[in-house]
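What follows is a set of structures to go through.
Here come two complexes built around subunit A, the first alongside subunit B, the second alongside subunit C.
Right, the complex of A and B next:
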C-alpha cells in the first residue's frame, strides 16, 4: 500500500469519526458517568462497615493474583459498553451509506479520488476497530476513576489496598481482551455487517425495514419453496456470543483461523461487494 | 460477459436480486454439502426439558390426559 493510499484511508477514517462522533465518542462518554454515579449511589446505601469489609475483601481477593487470569471477570464490567457499542454499530451500518445519498454528499465523495471500495472498507474498519478503540479508552477512564475512588474509600477505612492495584491491572488486561473480541466479532459477523451495508446502500427510505423484511422474506421463501432451512440454520449457528468473545489470548488464533470464520468472511465479502456496486446508483 | 454485467448493473433492483441470489445459492450449497442439520430450540434445565420438535407430542399427550380426566 503506497503512501497516498494510507493518506486516503486516514482521511476517510477521520471523516467517519467526525460525522459519527455521537455514536462512537459521546455515547460511551455519557454512559461511563451514569454507571459511576450508580455505583457511588449503591455504595452510599450500604452501611460504612459493610462497605469497608467489602473493599477489604476485594483487595484480598485480587492481591498477588495474575492479572491475565483474572481479566475475564472484568469483561463483565464492560457489558453495558458492549451493548451500547453493538447498538451504535447497527445504527451506524444502517445509516452510513443511506445518509450519504440522502444529503447528496455521495456526489462530493465520488468526485474525489476515492473509490467506492475504499469508502465501504473504511466504514467496516471504523465499526470493527476504530469505534471499539474509543469505547475501550472511555472504559479505561471509567476503571481508573473507579480504582481511585475505591483506593480513597480503602484508605479512609484503614484498609491495605495493594490488591486494588492488581485489580486495576486485571481490568486493563480485560480491555485488551474486549478490544480483540470486538475485532473478532466484526469478522465473525461480517455477513451481518455486509447485509446492513447492502441495504443501507440500496434503500431509498427506511433501510432497517428493508434489511429486516427481505431477510424474513428470503427465509420464508426457502422454507416454502424448497422445504429447507439452511438460511435459518446458518444464522442460528452464528448467533452465540461465545463464538467471538475472547476470554484468553491463546484463543485468538483458533477463533480466527477456522472453517466457519473463513466461510463467513466469504459470504460477508459477497454482500459487501454488492454494497460497493450499489454505491453507483444515486437517487 | 459484458451482457451479464450490463444486465446485473442495469438498475439497483437487478443488482440486489443478483447479490441475494448468489448469497442464498452459496449458503444453500454449503449447507447441503456440509449437511448442516435443521436445528430446533432445545431448552434444558434441571426441572424440565423443552424441545420444540416434541411440542406436538406434548400437546397430544395433554389432550389425551384431559379426555381421560373428563371420562
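Right, the complex of A and C next:
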C-alpha cells in the first residue's frame, strides 16, 4: 500500500464526519449544555442545606483519592454521552451504506478509485474511533465547566471538594478510559457492527426492519428446528457493558486478549466481508 | 488502433428481464463513441458494467482491466457522469473538490478551480442549492480535471436546457478530446452529438444492432430519394427502412453497392437519427 492509498483514509473519514455531523458533532454538542443546565437547575431547586450536605458528601467521596481513583466517579457523568453515542452509532451503521444508494450518490462515490473494502473499513474506524473522539472532546468541555462550577459551589459553601487541578486530572483520566472503552466496545460488538453494516448494504428500504427481522427470524427458526436458543443467549452474553467498559488501564489487556473477544472479531469480520461483497454486488 | 473496451457475450438479467443479451462491443481508444438506444435497451446497464458497477457475465476488458475484479484500480483511468444528479447533495462545492483531491491521485485541483471560474458556481454553496445544469457543470469540471483514458457519460445532459447542453458539449470537445482519450456517451438527443461522434453503437433489447465507425457508416449505409417511377426497382434491392419525405420516398440501404443505388436517385449518407430509426425498426421487424 503506497502513501497516497493511506492518505485516502483522511478524505474518506472527513467525508463521514461531514455527512454525519448531526450524529457525531451536533448530538453531543446539544447534549452537553442541556445536561449542565439540568444540573444547575436541580442545584437551584435544592434547599441550601441539602445542597451543602451533597457537596460535603462529594468532598468526603473524593477525600484522599488520586485522580486515577477519582476517574471512575467522573465516568458516571459521561453515561448520558455514552448512551447517545451508542444510539447514534446504531443509526449510523444502519444508514451509512444505505443512504447513498437511496439518493443515487453511490454512483459518484463508486466512480472514485476507492475500493469497497476501504469504504467499509473507514466506516468502522469512524464509528469506533472518530465518533468517540468527538464525544470525548465535547465531554472534556462539559467536565471542565462542571469542575469549575463544583469548585465555585464548594467555595460558596465553604467546603473544599478536592483540588480543582486534581478534579481536572481525574476528568482527563476518565475521558481516556471512556475513549479506550469505546474502542474495546467496537471490537467486542464487532458482530453487531458487521450485522448492521450487512443490512445497510443490502436493504432497498428500512434497513432497521431487515436487520431486526432477519435476526428474530433466525432465532425463531433455531428454536423451532433445534429447540435451542444459542443465538439469543450468545447475543445476550455479549450485551453486558462490564465486558467492554474499562475502569482502569490495567483492564485493557484482559478485555482485548481473550477467546470470547477473538471469536467475536472473527464473526464480525465475516459479516463485514459480507457487507463489502453486498456493496459490490447490489446494483 | 487498440480497443479500450472489448466485450464478448455480456449477459445480465434482472429476474426474468434480460437487460443484456449477449452484448459484443469493441470501442477503439481515442474515439468518441455514441451508445444509442431506446428506453430500457440496456444502455445504462452496459455503461455500469464497463465501470464495474454492475455485475455481468461474459468477457469484458476496459482499459486493459476487468472491471469486475478491481473497480477501484480501473477508476484511476476512467471517469463517469450518470444521468441523475449523483453528486451528494449535502456537500459544498469546495468540499467536493477536497474529497476528489483526497482520493484521486490524478486530480488537478488548480485546473478544476480554473474551469469552475468560468461558470457561475459559487464554491461555498451546497450541491442541493445548485440547478441541475450547474451540478452537471460541476461534475464535468471535476472529471475534466482528472487525467484519465476514458470518460463514460450516461445521458449527461438530461433535463438541461439547450444553453447548458451546448456549453457542455463545447467544453467536452475543447477540454477533454485530444485524440488519445476516449469518450462513451449514451443519450437520447442523437442530433446534438452526431457531429461529435467518431464511432457509433446502437443497442436494442440488450443486444448490439450496430457497431461501426462513422467512416464505415458512410460506406455501409446509403439513403436514396427515390422517384415514383423507380420504387419497384428500389423495393427489390431490400431497403432496411422506407419513409415518406415531401411527396417522395426515402429508402435506406445497408451494404448495397452505391453503383447499384445511383440509378434510383440522389444518394445521401443517412443522419444518425434516421439510421437509428431505421435500425430500431429493422431490429424490431427482423
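Methods note: the second predicted complex is superposed on the first by the 249 of 283 C-alpha atoms of A that agree within 3 Å, B and C clash if a C-alpha of one lies under 4 Å from a C-alpha of the other, contacts with A are read in each partner's own complex, and residues count from 1 in each chain.
The rule is simple: a residue touches a chain if its C-beta (ideal position, glycine included) is under 8 Å from a C-beta of that chain, and two chains touch if they have at least 3 such contacts.
Everything numeric here is computed off the predicted structure, so don't read it as measured data.
Novice: For the combined arrangement obtained by superposing on subunit A, do subunit B and subunit C clash, or do they fit?
Specialist: Aligned on subunit A, subunit C fits beside subunit B.
Novice: Quick one: is A:100 in contact with subunit B, with subunit C, with both, or with neither? Answer first, second, both or neither.
Specialist: In the superposed model, A:100 contacts subunit C only, not subunit B.
Novice: Per the contact definition in the header, classify A:110: touching subunit B only (first), subunit C only (second), both, or neither.
Specialist: In the superposition, A:110 touches subunit C alone.
Novice: Kindly classify A:267 by the partners it touches after superposition: subunit B alone (first), subunit C alone (second), both, or neither?
Specialist: So A:267 only meets subunit B here.
Novice: Check whether A:153 is in contact with subunit B, with subunit C, with both or with neither, and answer first, second, both or neither.
Specialist: After superposing on A, A:153 lies clear of both subunit B and subunit C.
Novice: Examine A:11 and indicate which partner it touches, taking first as subunit B and second as subunit C; both and neither are also allowed.
Specialist: second
Novice: Quick one: the Cα-centre angle at subunit A between subunit B and subunit C, nearest 10 degrees, please.
Specialist: Result: 90 degrees, to the nearest ten.
Novice: When the two structures are overlaid on chain A, which partner does A:19 contact: first (subunit B), second (subunit C), both, or neither?
Specialist: Second partner only.
Novice: Examine A:231 and indicate which partner it touches, taking first as subunit B and second as subunit C; both and neither are also allowed.
Specialist: first
Novice: Which partner chains sit in contact with A:138 here, subunit B, subunit C, both or neither? Use first/second/both/neither.
Specialist: A:138: touches no partner chain.
Novice: Using the superposition on chain A described above, determine whether A:222 touches subunit B (first), subunit C (second), both, or neither.
Specialist: first
Novice: If you've got the overlay open, could you tell me the nearest Cα approach between subunit B and subunit C in whole angstrom?
Specialist: Between subunit B and subunit C, the shortest C-alpha distance works out to 8 Å.
Novice: Would you mind listing the overlap between the subunit B footprint and the subunit C footprint on subunit A?
Specialist: 280-281
Novice: How about subunit A: which of its residues touch subunit C in the complex?
Specialist: 4, 7-8, 10-12, 14-15, 18-19, 100, 103-116, 118, 280-281, 283
Novice: Can you check the complex and tell me which residues of subunit C touch subunit A?
Specialist: 48, 51-55, 70-76, 79-80, 82, 84-91, 95, 98-105
Novice: Considering the complex alone, what residue numbers of subunit A touch subunit B?
Specialist: The contact residues of subunit A facing subunit B are 198, 202, 214, 218, 222, 226, 228-231, 233-234, 236-237, 263, 266-267, 270-271, 273-274, 277-278, 280-281.
Novice: Note which residues of subunit B are touching subunit A in the complex, please.
Specialist: Those in contact with subunit A are residues 9, 11-12, 15-16, 18-20, 22-24, 26-28, 30-32, 36-39.
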